[in-house]
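Take a look at these structures.
Two complexes come next, and they have one chain in common, subunit A, joined by subunit B in the first and subunit C in the second.
And now, the complex of A and B:
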């Protein structure tokens, strides 16, 4: 059983201050972390492997982390190795700078083809920064895999994957044949801490191969983003400390208007 | 109602209005979700947005229904703004299959060329939209909390939160068509239901591959422990404290939560009174929440409770005591008895 986990490195939000009043984002500390959604995906994949073989990777199970990003995404992959992955690959190229989701999926699909198509792809439901929540489902379509999104519980056997997923206003259980791509809910797979000894060996012993545009048989002309960023904006500064008193009916009227203006209720 | 004169009129108008890029792509579609024979509110929110966008560029709103035995639902979409309804009624669409639904929707898009396609951001919409966008090789603006049109370029602009809502991005899809967006449920107003409106409901046959899809829907396994209603993820939390007085008072809080589309929670006091379960306690030793809106009803707001809600974007307190800690900490406070304010609020919401 081979599992590929596409992961992402993001800017550490705790190093950023968002000032709504100044409509600016201040990066106090430019540090990068392994995205929480990716961590949950790694956790889910590693649990599957452990449940199947008690952690012995000899028995034909492998969990491979694959990152598309800047060269420093290498750190995220080392962390994935320290969590327990068997191999890690970095895809990076200056030409990927303006990649949108369509391009990201195109590149990831090419890298997955080069790695050899897995039985299962486990991705995070969405990332902690841009949070579009599209990569997993788009990969399923691009590779012609069965797909299940927003998964809270996961199990695999030789030929199928069984999942409990969010559905309607509750949950539903589904089974899909392999190969399949699933996305997992971060709240359902709190990640393990990397093993101390493995952190050292993740840097000393493992190689993280780096692939660029040419390694994937792509050219710059192949990459055409579909979405264009128009602008960045900030929600309006929140009113603070306002106190209403008096007759409940008129207060309620004012309240509903105020909350709708703030787009807090519809 | 006969709208054919509009067709003639728009045919004349369309010539110069349409940009080269979107040549031949017109009208705004909503892929409605007939979940178990009734629409989720998110579908109506999408209808309302579709109507506004369509009016700005002078085109029709189409409701699109995929499913089995769903034709009777078509007219309901008219009341919320649809001019036409396309129905694909096929037993193979009875249950959701990502591949089959993608196939049906992509086939409709290829045949009728909508300019804009909106989907409610429900679990189904969030599953189908990326798959469909990938199949159609177009962009998807997901989790939109605001939509608009750039009239100069005739482009849909989708705004969605990034960095957990601290910032917004606004994007367009300049070349590829259709322009697809999913709408975050609860972000848009449900339009006025005009039962006098009617729409032409058209049955469409679509070639679907004969094999049933690969997804098998099973019974939920009760032995799998699922996270309870994810309080930590709720967008709106309505919390009760001892100040609600009795179970009747607490029922008001639950009703308010329902009306706002939020989740019920409470202080440790509410748990002690037996109104809420242990998982619903907000605060130290309970849950930590980070909703957009936190409504504290009859909660004085000691520091233990406040720790649990300090990541909320907006805190509204309803409390008779203006010296209560929660009043000082809240973004907005109503000095009054929640048992009187909530009924008035519910009434104001209904207006």
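And now, the complex of A and C:
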């Protein structure tokens, strides 16, 4: 069983402040972290492998991390290795700089083809920076895999994947044939801390191969973005609740009526 | 000059911090109150390789060197000095002495389980009449065929009652004194004749245990001599030298936590209509804390680098322990002052920090002993011996 986990490196949100008054995002500390959504995906994939083979890596299971990003995304891949991945690959090229989601998916699909198509792709539901929540589902489309999004529980056998996914306000138990691509809910797969010795080995012993444009089978059309960014801005401020003004008696009366209408009191 | 950490150490620090925040910090208050060792934390640390951070991977360690070990101590020191003490005594003096002076067989037999956290270690030097004057120990080891028979009592032994393996210093030739007459032995605490006397009821680090270890006709095989026969004094001096740098790192964490808490409180607490952080009397204290912490951080990690690159480091390591414990003292004391009555309250971690800090000026060689070590190293090139 081969699992590929597409991961992403993001700017550490704790080093960023948002100033609504200036309509700007300030990067106080440019540090990068492995995206929490990616960490959950790694956790979900590693659990599948461990449940299957008791943690022994020689029994035909492999979990491979794949990142598209800047050269410094190497650090995210080494963290993935430290968490327990068997291999990690970085796809980076100045030509990929303006990739939108459709280009990102084409590049990842080409890299996955080069790696050898896996039985299962496990991705995060959405990343902690742009949060579009599209890569996993669109990868399934691009590779013609079955796709399941927003997964809270996951199991595989030889030919299928079973998952519990969010369905409206509840959950649905679903099954899909392999190969498949799933995206996982971060709250359902709190990630492990990497073992210290694996952290050391991830930097000192193990390699993270780097692929560029010339290593992948991509056409001009694959690399043409379909989205053009016109402007970035802040959404309107959230209205939190409703404010009642006036003398205490009438405000109290209005409040009681409002709560009754909402069926919060009877 | 390059003051940056290797990338593996940066990632390790993030892991260690998350471990400290999620596993250690939530228990810190309770283990202090309940006066109990956090065995569950030790188990969790072992699963992540944290019980053998400095040692090479071939001995079951993490391969993080002294730099990695100092990072662990700093991050633990930020949240709980008790846990720092339990893990520090295990790694820094018990396992370290076997790593530095053990034979290959001893390392395989004793260091590997210690580094993997399957066994807990302790170091038995101090006795009722032999603290700073370590050469005055009375515990004896008498040869009987291929074995030695150990008799005596060790006091104030961190981890003494929870250890599986303890390194014991004993007199093998009273006529030869410190150099030549003292030998280190690796003792398994399950062996007949080893028992625990009283446990100390301490002011601070109450989440670590400090035990009296009694040896009554404990038979130790000859192959468990650690280092050269008669050279036990060198074994413990070497181990303590390395241990002192990491003690400084633990103090660095504690001082940093005091600064963080003080800054947070000074921004939030308003008096006379403004946050107290805007008062010179407060921000001068905070600036002094920050300046001393920066100096300590440089000292600690430069010393760790010296140890990792095999340079002489006795003076620097002693300075880490001396300066580190005193910086921690001043910082936590200022933090109490900045927090006012709240800093004196048992419900708040500042008070625990103040009690926990005090021991760092005493254990693993009092600060007075550190000054002797430093002065002796300074004057030795001039042919002068510093009397103790």
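Keep in mind that, in the parts below, the second predicted complex is superposed on the first by the 231 of 266 C-alpha atoms of A that agree within 3 Å, B and C clash if a C-alpha of one lies under 4 Å from a C-alpha of the other, contacts with A are read in each partner's own complex, and residues count from 1 in each chain.
As a working rule, contacts are C-beta pairs under 8 Å (C-beta built on N, C-alpha and C of every residue); 3 or more make two chains touch, one makes a residue touch a chain.
Since we're looking at a predicted model, the values are computed, not measured.
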Contacts of A:248 with subunit B and subunit C, given as first, second, both or neither: first
Touching partner for A:75 - first (subunit B), second (subunit C), both, neither: second
Which superposed partner A:38 touches (first subunit B, second subunit C, both, neither): neither
Partner chain(s) touched by A:9 [first = subunit B, second = subunit C, both, neither]: neither
Subunit B versus subunit C as contact partner of A:204, first or second or both or neither: second
Contacts of A:92 with subunit B and subunit C, given as first, second, both or neither: neither
First (subunit B), second (subunit C), both or neither touched by A:226: first
Subunit A residues touched - subunit C or subunit B, whichever exceeds: B
For the subunit A and subunit B complex, residues of the former touching the latter: 13, 16, 18, 25, 100-102, 105, 128-138, 140-142, 146-150, 152-153, 162, 164-169, 171-177, 187-188, 224-235, 238-246, 248-249, 251-253, 255-256, 258-260, 262-266
Subunit A partner contacts - residues on subunit B that touch it in the complex: 35-36, 40, 45, 98-99, 102, 122-124, 126-127, 129-131, 133-135, 137-143, 145, 150, 157, 159-176, 186-190, 214-221, 224, 226-227, 230, 232-233, 236, 260-261, 292-293, 313-314, 316, 322, 327, 330-336, 340-341, 343-345, 347-349
Residues of subunit C that touch subunit A when the two form their complex: 6-8, 11-12, 15, 18-19, 47-50, 53, 57, 61-64, 68
Complex interface listing, subunit A residues touching subunit C: 75, 78-79, 82, 193-197, 199-204
